[in-house]
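The structures come next, written out as structure tokens.
Two complexes are shown next, each including chain A; its partner changes from chain B in the first to chain C in the second.
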Partner chain A sequence: MRNRGLERDGIAPYVFLAPLLVLLVAFILYPVIMNLVASFTEWKGYGPMKWIGLANYRSMLADQAFWTSIQNTAILVCYIPLSVAVTVFVSALLREGLRGWQVYRAVLYIPNLLGLVIIGVVFSIYLRDDGPINLTLRWAGGPTLRFLISPWLAINSIAIIKVIWIHLGFGLIYFLAAMNGIDPGVYEAAIIDGAGFFQTLWRVTVPSIRFAIEFWVVFNFIEVFARMFSLIYTLTQGGPGYATFTLEYGIFIQGFAKFRVGYSSAWAMVLFLFCAVISVVQIRLMRRSSV
Partner chain B sequence: MIKRSILSFALVALCATGLAAQTLTVWDFKYSEVNPGGAQAPMKQIDALFQQKNPGVTVNHVAQPLEPQYYQIIQAAATANQGPDVAMFHPGAREYGFGDILIDLTPFIQDVKNQFTAASIAMVSMDGKVGAPIKLLPMTMQGFGIYYNKAYFKKAGLNPDQPPKTAAQFLAACEKLKAAGFVPVTVGQTYTIDFLLRCLVANAYGPNVAGLKDGSQKYTDPLFKESVRFVKTLVDKGYLEKDGFSRPYFMDGIDKFAAGTGGMFVGLLSDVGNWKRFSDALGADNIGYFPTINFPDSKYKDQQVAQGAGIGYGVMTWSKNQKLAVAYVKFATTGEGAGIYASMTGALSPNSAAGGSGTGYPALKTIQQYLKGGLALDYLPMFYNGYEDDTNRLNDRLFVTGELTVDQYIAEYQKLITK
Partner chain C sequence: MRRKASSIGAGWRVLVHVFLIALVVASILPLYNVIAASFKSADEFVMNPFLPPQSPTADNYAYAAISGRLLRYAVNSLVLVPLGLLVYLAVCISAGYAFGKMRFRLRLPLFLLVLFLTIFPQLLLATQVFKLTSLLHLTNTGPGVILAWVAYFSPFGTYIMTTYFADMPYELVEAARLDGASQFRILTRVMTPLAAPMIATIAIIGFQSMWNELPFSLLILQDQGSRTITLGIAMMRGEFGLRVPILSAAVVIAMAVPLVIFFIFQRRVTLGVTAGAIKG
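Here is the complex of A and B:
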């Protein structure tokens, strides 16, 4: 049995790929397989594992906290279209040559330079009942908005901060770069035809940067599913009640607060499945765009 | 020849010193308390004394973060099967959960065991069962109660020497404080609700509180319900400082009360937020104390909720210096060590031979009187690792947001014990 690839390309490509493959196996494949194994066990994260079959999955499906976490994650996902709309709109505004647009871009990028932990701590001060925002509201004769106490306000505050506000700066850089790739002649033609700002945005800009938008959506999905933890931990700790308790946060609580690592691995498998589906969609989109 | 002899002697001496030198690593979540009355200063004294009495031994005391991060670090150490020789734990669910990485101290402590209260020994024994392996030696005992600012009571027209002991008196006192412009109860996040409920439940059930765990006592019982409803009333009437629930840390609530912002505070007996902290800040004669609120239908009155042990030290299974580690644990929790810790922090020691301070602190005298009287076990540490996280989420929901009714809340509580 001859190896055609080896015959054709020689050994060099495999040698060059080997370090990356080793890293992928060590830090991606092995943890995923170990997580799958752990999800069928009762395990505290150390000591012997006790095989319990599907018991963790049965417990998970009967656990109200699990379904609440899915529901909360879904609420965050609902903010992704808004994130896309806001980011594309602001990028288009800046592209129009708004006076001092470089300053706005720099200011809006600042949240990306701060860590999520810092942002979480800062907002835990801003949003508390006796924080600066509420003190200003009270001073103006308005009501106290219980951002961190009201379940509805808490989850929506998290969504606005993370999905829209923090991503905005990076989105601007990304979409402005994409918009710079559009032929200026197309815009000139649109202006000659009498198109206004919104018509140009909808008929010229958006179709021209469709691939960039698709990537942005996928990026946001992954952020919502797997990168919310730091902000939630520092801002609401999953509360009030279970109002900001997401799938990712639940994995942490089960594994590292209750030390039910086997059970949390079952939750992690669900997160893995969601992320795998998103990745497959992303790969398909990239293939379609490169055709 | 002489040179060679001197060199050989020096080498042997160096090796001998090296062999004798031992480093004992201690992890705890209290060592970072550098504030006056905090734990670091007495711990440094204890370590220095231990080193003095054990030449060649160096204590490497490491300040670790508070829970829950602390136990995540312990979990990581257990995964690696290496870490400190001695570590601090909360007796109860936390200790029992990590019992498999703590050595059994029973054979080593027979000479000092009788110095500790029976309640503390029961609590540090695995699963709270007397006769089971003892995995920690306790440094403190713990409990909860209500501290009040006597000056504010006086200004509000209340008798500062007669704290409100019944539910009706408590509500009336809150109303008067509110009318006088004081926050009736300063709040430290949802822990205020958690602690108050534990005071009320312990008072309601007295020595029968263990039934809440084994299922013989249902949470739907009228006394439990009355406790929950009472706290809900306090929230609804605005007697619990509204702004305090969104504060990021419980410690902020302690600082607020110590700064004189409220009439009452549901605090602790040891560790933090205790009689010493408030007496030192607001004046020893200005701090009053009562352990709970009595309901008319309750069989028990004025019960002091208590955990036999609040924090304790244990020896890790992977320690290569187990004998030395046991010696350190005994030194820190008995005799001179226990005395230093109790007198400098205001913690109450479960070691009857420890002594400690208290003269000049009327609030402590009041606490000690209640401790001599009716004592009721705190039910919360009887459950699983992370139970408090679950109950605090319920406290968030019910009391702060009104998302759950009292009945729904009790049903959720009942569900938790089946986990």
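Here is the complex of A and C:
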């Protein structure tokens, strides 16, 4: 920000910020700190807290569900490069000014409007054993894919729905805006030089939108670590067994279904550490583009 | 956007269209499936789970709306979300103005704190948010869930408003000050009208976030009568033995509002996607 000398606006800024800061301290900062305290205790969420040191962390490290959650998060993360590739590729196609590109962009955005709860329910109907995909497969003489019953298929279905299917439309708008900022002369020069579509994409487009791609990767990390709960809750409810748990879902089950709040806080601390790192990376990106 | 020079040959264009249409089908088919199912009787759905309904019926809608209480939940959402949105806008605009156009010692540290708190997952906060709302006797009440929503969603809205206000010329503030206007008056009479386009954008973002929110409503609105439509749908999904066509009708009812909003405010939605990210 430009330096406007040392004059200050006195108390007024703090008055303007008060509503935000009060809410943040009460609903975010205090919960995060209390979470750390609770993770060293045995606590049902009500009644007295009993200090038990690192016992929660020890049980967590011995808990198969915890490691499955970590593994599932890793699977979700593995889809992020694919999401980048697909989204940038389709954006580059739309950038070429094909007839109807705005219609494609608008229709592909629709999944983003509906919210994870609706999408979870929609896919719970779509991916049933006698849902449309399986009926088609059976009609073609193929096997029945038990999308929500087979542990491996279930977590991969969730990953594809969230990281690819939902995010595509969002990314298209985002990357098209970024590509719109590239000087058209560069593209014209590339075409005169005889560069094909992929050469132009790799040599011109990708380097020019590097910041946007970094931002997109961070956005995807946030979604995968911090915004999966509603989809899992409505699509698989963490099942079969705990096969589609993520850290978020584990916190929910331990804390609100089994009332082991102290234990769930240990999970939450692991999630906190991941998110804190992502948050710091995101702030660095944001500060480069503003303020 | 004007037509640009293209590196895709005419023959390839057909193939590209085929590919894009395949993507569109893949993103629409699950939604079509639900809409088609919502108009089928239970018997027809067993025989014909995918093709368009042969003898369409609206019974599922009547059942979902009345017996499934969807109508009640929709009314709850239509009251809670706009109220929440008003509080959200007031908080974001006032904080965004302070960060964007005022000078004070703690500006940067506080702004970084707000940015830092933008991404923490709701489940990480859930226990204490629940404790806090019950401490304030706000469980099962509108104000309870609205406070939690606004607290959780306003850091991002504040960030967007901050960057917008920061880009506005400082002379606007100075001129108003020379006329003797107070900071409050400058914000409400000068800056807020000028920021209307971005306010509309964060209003859409905030509306979508609150309309689709699950974890906090799930914990705070435990009484069946106080559920939002999103919570109502999530709970219906878990009901044992609920027929797919009825669940589908419920989903279609819940989809209606976000879709209508999108078609009315399409351009704003598009702006909202890019507002939170890198400029230029």
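Please note the rule applied: the second predicted complex is superposed on the first by the 263 of 291 C-alpha atoms of A that agree within 3 Å, B and C clash if a C-alpha of one lies under 4 Å from a C-alpha of the other, contacts with A are read in each partner's own complex, and residues count from 1 in each chain.
Heads up, the rule we're going with is that a residue touches a chain if its C-beta (ideal position, glycine included) is under 8 Å from a C-beta of that chain, and two chains touch if they have at least 3 such contacts.
Just so it is clear, the model here is predicted, and its values are computed rather than measured.
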Touching A:L17, do we find chain B (first), chain C (second), both, or neither? second
Of the two partner chains, chain B (first) and chain C (second), which one does A:W67 touch, if any: first, second, both, or neither? neither
Scan A:I149 for contacts with chain B and chain C and give back first, second, both or neither. first
Identify the partner contact of A:S124: answer first if only chain B is touched, second if only chain C is, both if each is, neither if none is. both
Counting only touches as set out at the top, which of chain B and chain C does A:G45 meet: first, second, both, neither? both
The answer to whether chain B or chain C touches more of chain A is C
Quick check on the superposed pair: does A:F256 touch chain B, chain C, both, or neither? Answer first, second, both or neither. both
According to the stated criteria, A:G241 is in contact with first (chain B), second (chain C), both, or neither; which is it? first
Output check: A:L29 vs chain B and chain C. Expected answer is one of first, second, both, neither. What do you get? second
Based on the A-chain superposition described above, do chain B and chain C contact any of the same residues on chain A, and if so which? 45, 121, 124-125, 128, 130-131, 256
In the complex, go through chain A and note every residue touching chain C. 1-2, 4, 7-10, 12-14, 16-17, 19-21, 23-24, 26-32, 34-35, 38, 45, 90, 93-98, 104, 106-111, 113-118, 120-126, 128, 130-132, 135, 165, 168-170, 173-174, 177-178, 180-181, 184, 187-188, 190-191, 195-197, 199-200, 211-212, 215, 219, 222, 225-227, 229-230, 233-234, 237, 248-249, 251-252, 255-256, 261, 264-265, 268, 271-272, 275-276, 278-280, 282-283, 285-286, 289-291
Given the complex with chain B, which residues does chain A contribute to the contact? 44-47, 121, 124-125, 127-131, 146-151, 238-242, 245, 253, 256-259
Within the complex, chain A is touched by chain B residues 68, 71-72, 75, 78-79, 81, 97, 100-101, 242-243, 245-248, 384-386, 389, 392-394, 396-397, 400-401, 403
Counting only contacts in the complex, chain C reaches chain A at residues 1, 3-8, 12-13, 16-17, 19-20, 23-24, 26-31, 33-34, 37, 49-50, 90-92, 94-95, 97-99, 102-107, 110-132, 147-148, 150-152, 154-155, 158-159, 162-163, 166, 170, 183, 187, 208, 211-212, 214-215, 219, 230, 233-234, 236-238, 244, 247-248, 251, 254-255, 258-259, 261-262, 266, 269-270, 273-274, 277-280
